[in-house]
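Quick heads-up: structures coming right below.
You will see two complexes here that share subunit A, one where it goes with subunit B and one where it goes with subunit C.
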Partner chain A sequence: MSLAPIFDILLITALLLVSWRLLGNSDLFQAAVLFISFGLFLSLAWVRLQAPDIALAEAAVGAGLTGALLFATLKIVEPKQGRSKNGAQPKSCRLDRAAECPGRMHYILASIFVLGLAGLLLTAVFSLPDTANGLAGLTSGFLAQSGVEHPVTAVLLNFRLYDTWLELGVLLLALLGVLGTRDRLGPQNVTAAQPPNPVLSWLVRGLAPFMLLATVYLLWLGDHAPGGAFQAGVVLAATLVLLWLAGLGSVVRMPRHAWLFSLVAGFSAMLVLALCTTLAPDAVALAYPQSWAKALILLLESVATISIGVILASLTVLVLAGEGEANGAGAAETDGKNGM
Partner chain B sequence: MHILAVLLCLAGAFFFLAGTAGLLRFPDSPSRLHALTKADNLGLGLIVLALVVTSSSLAVALKVILVWLLALAASTSICFLLGQSMLRQDQRQDQ
Partner chain C sequence: MTTFHLYSFAAMLLAALGVYGLITRRHLLRKVMALNIIAGGAFLLLISTAYRNQGAFPDPVPHAMVLTGIVVAISATGFALALIQRIQKQLGQRPDQEAGDENPDQTETSRSGP
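Here is the complex of A and B:
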């Protein structure tokens, strides 16, 4: 008997248990920790489903980067939460009594919406055809023409390049949103909440070369195995954030022009490609000649990796630094009150 | 060779188990950290040794050892950083 079914059952149980505890937890810190472990279990599930590309992305983005962003947000939210705890404990309220539960209409509306969505999802699952290969056959059929040997990279960088293009646009928009709320033009001269620690600097100095090596390796691996621009970009972003935390040169010390250029490089490279391919006689936009495919994919992936890395690192640095700025502002406020 | 690898793996798993038990059962954060880092470093080291014994080539063996060294450096430093921030928090509460 093989051990695989037992492992699968344990994994599914763990996923359900963690998600139940995650949603039912009133302590936001515990919920954030549980979210990270949920992401790790989920990436294991992707590995079991033989989708290592998604597993890598889930572990890096879902568990790692989102976890860091959640903790940073928590640091800003938590002081307020502590204050409300000193006052009145939030009571559990019964939905059938209007007086006890002022916001009950929201709960009822939300539960109707969630139940409707669950119903739709269930009908979608049950109406799936019994035997479906999706587009897998089509992809492997055209794989030889794509310029790379790994089907996922072929889809992301050739067959459906516009998906990747728009994803880079979404990342840029997210960064613009964060810059807007922080009232800043960039992460330049943003300092970490804690002064750089010598042990951390030592560790990051040792790790950074290996992480850069891993970035290049993942990028190159995308040609024939799971890997590629997104995974490499996330590793690059993690390296840049660690360098910033250790007080070493990072996105905050980049010259403004270089920073702006790295941000838009990935998106604009594909924009230029789209323009060029549209202007060519009888060609479809973003459909490039087969003979150039390999070189173009490698170029686009390298540029996209730099963009993803710098955008995600700037995003994380700005959100992480937000806690320091918020605390600083809070301290200044209380000082002012004491002065009065 | 195979038996040796299995024994090393089991020994490593034992240290992981001991570390997890310590993490769950020890009363305060410093001793929990102690249980976690010490046991996991040794457990990982034994499992890495098992992988080295069964590895097919020198390159693979060296790569696995490199992974262990990086994990050692990272977990030691992170243990120190966590301990330091705990100390700072205690000092803040005392004030």
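Here is the complex of A and C:
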């Protein structure tokens, strides 16, 4: 029992040190590695604060997918950085080189602003009443009517279905944005970054069925324990990205109409539900009858899992693949021209 | 100093550090990481308040909000990184636009003297 505060302080120190180093360190490659460890420390904090749902999602998203995205972009944007052994440090912006760097005033003003912000946040946090019940009591009171036994799933897919619906919309928008920065529409013609490695593709061929099994298990688990559509969707996305990396069929080989259908399935399923519940007599939008709750939640969760998985996988594959084959040569060429 | 206070204090520091990084760092990749640190701070603050409000189980509403937030954060990060790649392709230079800083080793050694 007495060890808990020591663990808390160690964990918080680690979180702060890692984020300090990753913002201050001049080597971007190291910063990306530190960012992954930041995600892992955060998921430890979620476990400590009894939020296993978030720990599951954070470990997969914060450490896995974000790390992969950062490394891929780093390789495209700074082709030289990864290769140099002792890391040429072009980003060190020292205060004595004010002509090339943001001036001293920039740092001072930023510090004043941030200290003010921190002071405001601190007053807000410490002026909260010592005891409050929040919405925990309300949620547990209506849990029996929600159709599921796990409170977080009940909130996500019944009490606040609205949030989940719009969140699927945000995912779609982000993918549309990524597609908008590209010349081609959709991940179809994206080829694997490197020729498939036989060991990797053998391993992935063996692992993929188990990862799909884990997806379905997490989806089903959300009914009564930490798990659900988000975690299952993220695992599905990771599976699809791994399949792409191994040169096996993935989102890039999906038929176009199937791909489009999976993208919009989650959002449109909830749109249809919203329409039906609004048009029904004396009903509130998105409030469905209790007798259907369990089946509806399971259906919505399955559709949302597929949508989240395919959208995140397409987004990741598009970012990992970069701007296409012309990019590597173009970047090296312009790098040389640019030394004026 | 309860667990709630400890973690919300850490969340506050993380958010402040992220904002500072967002303002002072010039490289766009670093700015994206700073944004993610701000998000981490915000999530930590929400979850520590959920921990404080504990009855039989922690308040599930902030948990659901953070779960949604994590997925939104990754999609926003993906979009930002795609934009960075596009900027790099379009401008043909590194996204921090330090055109004069091509040979950092030389400038650093030449300036190391008094």
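We take it that the second predicted complex is superposed on the first by the 280 of 340 C-alpha atoms of A that agree within 3 Å, B and C clash if a C-alpha of one lies under 4 Å from a C-alpha of the other, contacts with A are read in each partner's own complex, and residues count from 1 in each chain.
Following the convention adopted for this analysis, a residue touches a chain if its C-beta (ideal position, glycine included) is under 8 Å from a C-beta of that chain, and two chains touch if they have at least 3 such contacts.
Since this is a predicted model, take the numbers as computed values, not measurements.
**Q** For A:Trp202, decide between first (touching subunit B), second (touching subunit C), both and neither.
**A** first
**Q** So, A:Ile308: does it touch subunit B (first), subunit C (second), both, or neither?
**A** second
**Q** Determine, for the superposed model, which of the two partners subunit B and subunit C contacts more residues of subunit A.
**A** Counted on subunit A, the partner with more touching residues turns out to be C.
**Q** Kindly classify A:Phe210 by the partners it touches after superposition: subunit B alone (first), subunit C alone (second), both, or neither?
**A** Touch status of A:Phe210: first partner only.
**Q** Applying the document's definition of touch, where does A:Ala31 land relative to subunit B and subunit C: first, second, both, or neither?
**A** Only subunit C; A:Ala31 stays clear of subunit B.
**Q** Once the two structures are fitted together, what part of subunit A is touched by subunit B and by subunit C alike?
**A** Touching subunit B and subunit C on subunit A: no residues.
**Q** Give the list of subunit C residues in touch with subunit A in this complex.
**A** Per the stated touch rule, the residues are 3, 5-10, 12-21, 23-27, 29-30, 32-34, 36-37, 40, 43-45, 47-68, 70-79, 81-86, 88-89, 92-96, 98-105, 108, 111.
**Q** List the residues on subunit B that touch subunit A in their complex, please.
**A** Residues of subunit B touching subunit A: 70, 73-74, 77, 80-81, 84.
**Q** Using the touch rule from the top, collect the residues of subunit A that touch subunit B in their complex.
**A** Per the touch definition, subunit A meets subunit B at residues 197, 199-200, 202-203, 206-207, 210.
**Q** Contact residues on subunit A for subunit C in the complex?
**A** Counting only subunit A, the residues touching subunit C are 4-5, 8-9, 12, 15-16, 19-20, 22-23, 28, 31-32, 35, 38, 42, 45-46, 49-51, 53-54, 57-58, 61-62, 65-66, 69-70, 72-74, 76-78, 88-93, 97, 100-102, 106-107, 110-111, 113-115, 117-118, 121-122, 125-126, 128, 132-137, 139-140, 151-152, 154-156, 159-160, 163-164, 167, 170-171, 174-175, 177-178, 181-182, 230, 233-234, 308, 311-312, 315-316, 318-319, 322-323, 327, 330-331, 334-335, 337-340.
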